[in-house]
Amino acid sequence: MSFNIILAGSRGKMGSEAVKMINKEPTFSLVACIDHKNGPSTTQEVQELAGKALPVYTDAGRCFQEVEADIFIDLTNPEAGYINTKSALTHGLRSVVGTSGFSNEEINELSNIAVEKATGCIIAPNFALGAVLMMQFSKMAAKYFPDVEIIEKHHDQKLDAPSGTAKKTVELIQETRKQKQQGHPDEVETVAGARGANMDGIPVHSMRLPGMVAHQEVIFGSKSQLLTIKHDSFHRESFMDGLKLAMNQVGQIEGLVYGLEHVMDV
Amino acid sequence: MSFNIILAGSRGKMGSEAVKMINKEPTFSLVACIDHKNGPSTTQEVQELAGKALPVYTDAGRCFQEVEADIFIDLTNPEAGYINTKSALTHGLRSVVGTSGFSNEEINELSNIAVEKATGCIIAPNFALGAVLMMQFSKMAAKYFPDVEIIEKHHDQKLDAPSGTAKKTVELIQETRKQKQQGHPDEVETVAGARGANMDGIPVHSMRLPGMVAHQEVIFGSKSQLLTIKHDSFHRESFMDGLKLAMNQVGQIEGLVYGLEHVMDV
Amino acid sequence: MSFNIILAGSRGKMGSEAVKMINKEPTFSLVACIDHKNGPSTTQEVQELAGKALPVYTDAGRCFQEVEADIFIDLTNPEAGYINTKSALTHGLRSVVGTSGFSNEEINELSNIAVEKATGCIIAPNFALGAVLMMQFSKMAAKYFPDVEIIEKHHDQKLDAPSGTAKKTVELIQETRKQKQQGHPDEVETVAGARGANMDGIPVHSMRLPGMVAHQEVIFGSKSQLLTIKHDSFHRESFMDGLKLAMNQVGQIEGLVYGLEHVMDV
Amino acid sequence: MSFNIILAGSRGKMGSEAVKMINKEPTFSLVACIDHKNGPSTTQEVQELAGKALPVYTDAGRCFQEVEADIFIDLTNPEAGYINTKSALTHGLRSVVGTSGFSNEEINELSNIAVEKATGCIIAPNFALGAVLMMQFSKMAAKYFPDVEIIEKHHDQKLDAPSGTAKKTVELIQETRKQKQQGHPDEVETVAGARGANMDGIPVHSMRLPGMVAHQEVIFGSKSQLLTIKHDSFHRESFMDGLKLAMNQVGQIEGLVYGLEHVMDV
């Protein structure tokens, strides 16, 4: 089985990794790109990455009409991504979208179109399989270990703390964790902030140092034992295994799936 | 709901922890002990731990006939444990057994008795919930990460390497891992042993140092990412949460369950 | 060479470990205890630990007059410790004191007495050799790595955060670290506390979970590299190697030394 | 103070990082390159990196005669490096050389020339400051912790195990460690290799997984405590801080220094 692919966002950081990955996989074939700001020079880079001449469209609708394909991949941004994906699904094209920025309303609308057109769509806020597993395992472990803290570590150019992944992990843990007051009731911070950010009762700590890339540890404690689930990501190349998985799964589903964990066997 | 409990092995290391735990839980009540070598002094220690006078039997059968109970716990050894548990199940008594030493034949026989008597039995080779979760998560992760190594760390008085937990983890990983040749095909050990014990293609490394207790890390790697699942156990007290779980679950099952993971929601 | 030892604080947690340690070492011999609240039962415990009958004094001065000894060890508290040590040094007795609670004034006074009496005194706020080395190495590394964060982890019964060891580590690092503003100047905490306690510009994070004992990591980062120095302490038994070292060194020094690092070769 | 620099090996992996680093530092100025195989295209890349036209010499001797410089840097290989450095020192040019491949004879000869010409030379087998500190701290810690194991982790394309850094670390530890038989005397490997490579009595374990780059942990254990010193290197960019340090120190020394630790304050 082999798949013809249309890619939006091919000049971006994630997109250019995707072009390389598709090019390496014998079952994937890139047949067109969508790039609403494409110019001759940037297109050339993509052509070089793909190792062949490719039509590059500024208009998504026209692309889907003119080019026969099996899968549409969107690695742009929430605004362009929503427009592109809506158009792809309306054309009955199976779609894989990498974003955490869609509103619930947008997701519902895309879901309705996918069902109506009897096609499939996977939206993944995170393509790193290891990060997805870390979050799922944390959710499972929290059933048995209500005492938990998170430490996430990123390079010192990151602006926000805690990270989005830490926040998402807290949300997932809260689905299964028995509510409890952690720590000693009389515990005192002699310097403010020592005990981290309190997120629904779970302390989250954010380190920022040069040399770090993107790391997170979820640590569960109970009497005389600790269970730690840790993920290290060193480069956006780490997202490609998850993208590949989504591309191979999107043919099997009908309707919209939000989150890679729902097409994984965990 | 409250449970009356008969305990075999109450003078042992695990057993004495169990007496303390049972004593603390308002829903558990220790009603008798089985101790085929008991003498007045040792019995006294157990009485003190339990905070009350307890009949101590040398003969398991007589104990099960004379004492009304809800759960039998065996924390002895494979030989005594087999005899005790067979007798308990024959009396229709729900049983929780902590051992990794039963043969398949013995397990089958106990299973048949449990089914016949419409009662339940849980045999757990490992009561540390964190260790059980580490192994289950490793099995799940191996579906997506075929490249994996294990490092286990124990105090320097441990005689065998690799540890039983490491061996069990390899077995579980092999159930889901796509067979592959790890490392570089031309890789060379310039000092023998550097690349660890090769267990079905998975390298296992054993550290032994004073100051260590019982620790294991399972590390999965793929392009630009690592997923690590780690368990630290500092004392046999860490087994008590799992024993409690088994005691609370053994009333819900019919027949024999081998391994705590089968009564957990993972 | 063998040493006769007088110990104050023999019934305390540290003291009882010290009795066991002294008893095991062939070159050490416990000859008397000072215990201003001793009663028959508690004294008996110490006798059992020491494996022999021992005079126990409530009055330190009388003890130093009546008992010939080589080393005095104080493992009591800052108040009793100051009185005992002053008396010991005045009697010309070499002293090893485990406390972080003396004032500068008290230290100066003890130092003057030690010099005057041509004897030696070692006061150690921390007897764990690994913790002392962690702090010294951190001080050395900070010369070359100005970007640093600390995470310390303790059991969830600890009341104060950050720990005393973390505070001491920050102090030592500041002695050598080139002042700099760490992290991104525009970095924002979307939940307060995420970036930890700011101690002189160094973020310190405190975890508190059951299962933890006493752990600290000092992490230094620079372009594409991280250097981590970590200490784990599982039991106060870990202080005994440092106490032994101090006992063996106190005969070599004249005057007062504050901190084990000054009698170590680092 | 500003330095004019001649660089050999500018087209190599380390060399091209060095060109970028020199270009960023206001006090460094690249004035010529030595490249015995240079051609127009490759030279162009270096010119671009350096942001200016540069003379590129195939002959080291001619370069040193024609170009006025303060420091010579060699990042080639042991053969070319030896010839280049000998020539540089003979011209009285202070030299920084990155290699672990020189023989003792070669080092002695270069040392003699440096002394004779009253100039300085630093040869560094490792420019990663964090790795150098890890090794020095390990040497210091081993005085107090004779029980130690090493685990080093690299990408799965590395051919040899254990790594050169692990071997070097063992050597340094042996200089201070009291000889002892680690582990239990009756310990048994049920699968060969579990206990790692035995290097002078110190077990060394080598992990190889995709996703890893270059990591090492040195773990010291004693009663109830562990001290861990860990270094992570994610990219050869991590060598630049050490190179810069050597360039700033080579003006202060007379004669030859082997190893960055000797110009560091540890």
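Observations on the structure shown:
For clarity, chains are labelled A, B, C and D in written order, and residue numbers in each chain start from 1.
As a working rule, contacts are C-beta pairs under 8 Å (C-beta built on N, C-alpha and C of every residue); 3 or more make two chains touch, one makes a residue touch a chain.
Treat the numbers as computed from the prediction; the structure is a model and nothing was measured.
Taking the definition of touch as given, a chain qualifies here only if it contacts chain A and chain B alike; those chains are C, D. Ranked by distance of CA centroids from chain A, the top chain is C. Over half of the residue numbers found at the chain B and chain D interface occur in both copies, marking it as a same-residue contact. The centroid of the Cα atoms in chain C and the matching centroid in chain D are 37 Å apart. Centre-to-centre separation of chain B and chain C, using mean CA positions: 39 Å. Taking the mean of the C-alpha atoms as each chain's centre, chain B and chain D sit 48 Å apart. In chain D, the residues touching two or more other chains are 211, 220, 222-226, 232, 234, 238. Taken pairwise by the contact criterion, the protein chains are fully connected, each one touching every other. Chain contact summary for the complex, chain A toward chain C: residues 147-149, 151, 156-162, 182-184, 186-199, 203-212, 219-226.
Those residues of chain D lying in contact with chain A across their complex are 211, 213, 232, 234, 238. Residues of chain D touching chain C in their complex: 128-131, 133-134, 137, 140-141, 143-145, 220, 222-238, 240-241, 245, 264-266.
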